[in-house]
């Protein structure tokens, strides 16, 4: 792909090579949907929490004391409330933690690992990958992995890009680092193998979706973009439950992305508990993202 | 209309010729609402899917791997899920496909045509017509038609402008190409004849409406415009059903625009199935946009 | 108020004269809430329709054929649907019509006046008053009044500023034109007298509210501001009904602002009909804005 | 923290000192959640109203007559409607009033204080603290305190920053002024002690949350940011009630922020009344923010 040519032309003027090259950069390959789940479970449930805490504001300059306090809420109130529920139902989940958030709240990460949860890579300070040069992105991702390892004693095997912002270099870096999976893309509802410039990478994609992200409905941004928590919690529960019901019907994967300072609000935390209770009742297999990815790769149809 | 004059003045300073000229550019003429539908059906139902796939991101530069993966979802999961439902209820529908999306997914288009569905023109790479010079718009629309024809073996008879962005030249080009209908405008709920600078064109308009478009309620845009899927699926179903009920009451046309990567989500696909089931039960006439346009022109009251 | 001084300083640096002057420009004076309504009705209902039609797009340059077709829908489908309902329940209402929309659709205005409805001033081409110099605003408002008079044979006695955009000169111009009322401001739910720089004007304000405006919930804007019709019609009905119920309880005024291309959609028109039916059942007094304003002035407590 | 260094680097390039310094500027310290509430009440309820009135528009230049009239509504209709309900249920609440709003509506403030309610500091003209130099912020906050004192005869003991916009200097100024509490931050749901650069200040934080703010769901902004009151009142009630129910379950604090021109609309005022009725029925302790802060400090577990 000739980048110079690409940038000089408008998309409707591009030659076929240009748009084919872009589409093939990082793409879904063969499906990794297993024929059955462990113990004959009717579906798999992979819960995840992006523990951004103060980095949500730091990445933008860190000037708002109010938003920094919102970040602290995630550690002070949010994570303990999540831990209580996961413990009550004996469910293991995945936490994606920017390195700076892990350094600010090292005890939280150790406690989670001790309880059997997974900690995955989530950037250095929740930076956007797509505006970074390759070297900086690579350096930050490696330092993030090292930081999490030195705090928890366990090296992460998977990642989620901050804001699901996957750059043209992200997959190549993941391959170089030997990561087993990513969870930031959306080409399917079930796991698949990622292709780099058309070639299989052995990296599993455990797909996300905006539909299954609490921030989509509940985020508040006072200035700039007009984001407000317009959707009532009862409707958000209904949406998540419909996603889960169809996964049960198909024998597929139900993956959910949450944020400690969002889902744990007193008016919302019941959504998480009720989903877990309902899926448990149906016999779903609960697992960390790492476990789901490993199982999917080992048991692809 | 003196374009120079027009551009130098503010709208409240325009002479009457200016605003009359703008209003008359492409306007609704005589109604083409038939007195009755085939077989005495109580209403007509025209379902459409805009299969934009990766062109949704390519048209804007193609830099987001995440949004490209969303586009691939349309082909990988979305269209097969739509096909299954249309097949189950034996319903034929219309698919509007940018040429680049058709080239990326040629098999999909051939499969749809083989099953009796219609493929209509939807631009080259989902470009905005209103920012193109006449020559470029004309060239892209003609190449799009040729591309679809060479892939499917059938020449399209109708079009939908990408983003419903109808330029001052679009109607003239449609006339030059001998197209039978367009489906991008909103001056009525039933078919009508389009006037070009006040003169009948014989081109049928099969009107759309934002109200009957899934993306309006469900679109997500992380950066830039703050779009979020705030409206619960149950409410979207209620809106679509009210539109359908009134069409049934009036003996009119119920037209619906959907997108493969949006309506097929596990929490939403039931909306489509339930609408079809309900309209079938009421005895509605299901037809492609081309069939509705042809029938409306032949049977205008 | 020293405008130069005002513009050179930031609001928190303003002297008291500056902010007092701004607040006093056009303000609510004595209440004109009557002790009772004609015939002992429990409340008054004033329905209004802003018949902007194509001027909604013309005011911004008139370049979108799609939005112009949306405007034509207002005349072609919207107003006839409204007329049918008003006629069925024998209700008189007020239509605010930009002069250009009246010139494009003169028959519509004559038909409405013949049926006993009111036509009020709504600018020349739906321009924003606050960006006009005094002379231009005055000229456009006077020409608008003359245009409506020459089309319908009746001189308007009231006005609604386009987009409720009331400039610092609007009230002065209304006084100069001898208008009896305005309906664009929000300092109360019942009628009041407007003060110009602190002095009574004898002009009645018949207040509006965003809460009682269909466009607030239903407007769609594809580009620029991210407006989507996120609120379900059933909820919009619930909001309007709660406003009406409280007016019934208080013996106050229920004023509603609608738009022909918005409220008349097949999935929404029932809201208008059901509100009328319900208020009729409760014995409400239906009147045009001109009638309510005249009654309020003559019967202020 | 080296500010020069900080500004020259992008957040992902910051040294550890920089992000640690930002996070520590004003942070949550020890919890001040009491073991029990007065009289063994199951929870505390702290209602607040931000009486911004015309300052909502004046702070932005004061050019919109319409938005100024909206502000006047707060004084003319809103506050009296609130007073009636608080009086009916014998509930005391806190009103945060910009000095300019207090000067425009001095009688309102005196009436509220006479009825036993609290008036707290809310800036001079609802300015944003984060764009002010330290000296200006300090001067405005002190003049605001003096103005409220001279109008009501009572010196405020607490504050709420306008728009919850807490600058890096706000806490230091609050300490210098000897304020007992702030109510603008969000690191917890219960009271806590604020730390300034890591050191205890003895200032109580009585936390707010966007979730418990009426403007979040109901604000309307015609131009600029696309804010619309998309969430139905019944859903807003449901959200507030869920927050209250969980506070009851935990024995915590339920704090609510409202605005006189928003919550008092005829279709919304029932939300406030119904919440009070429900909490009264449950035996909650209603108190002003000042009373809650004092009790929390005196009875921290």
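A, B, C and D label the chains in the order they appear, each numbered from 1.
Assume a residue touches a chain if its C-beta (ideal position, glycine included) is under 8 Å from a C-beta of that chain, and two chains touch if they have at least 3 such contacts.
All of these numbers come straight from a predicted model, not from anything done at the bench.
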Angle of the C-alpha superposing rotation, chain A to chain D, to the nearest 5 degrees: 90
Same-residue or different-residue interface between chain C and chain D, half as cut-off: different
Centre-to-centre distance between chain B and chain A (centres being mean Cα positions), rounded to whole Å: 34
Where chain A and chain C are represented by their mean Cα positions, the distance between them in whole Å: 48
Chain B residues counted as touching two or more neighbouring chains: 226, 230-232
Residue numbers on chain A that touch chain D, as the complex places them: 54, 58-66, 68-70, 72-73, 76-77, 100, 103-104, 124-125, 127, 132, 136, 140, 220, 222, 226, 228-234, 265-270
Chain C to chain D touching residues, read off their complex: 11-12, 14, 16, 19-20, 22-23, 25-28, 130, 163-168, 170-171, 184-189, 207, 209-211, 216-217, 221, 225-227, 230-232, 235, 238-240, 242-243, 245-247
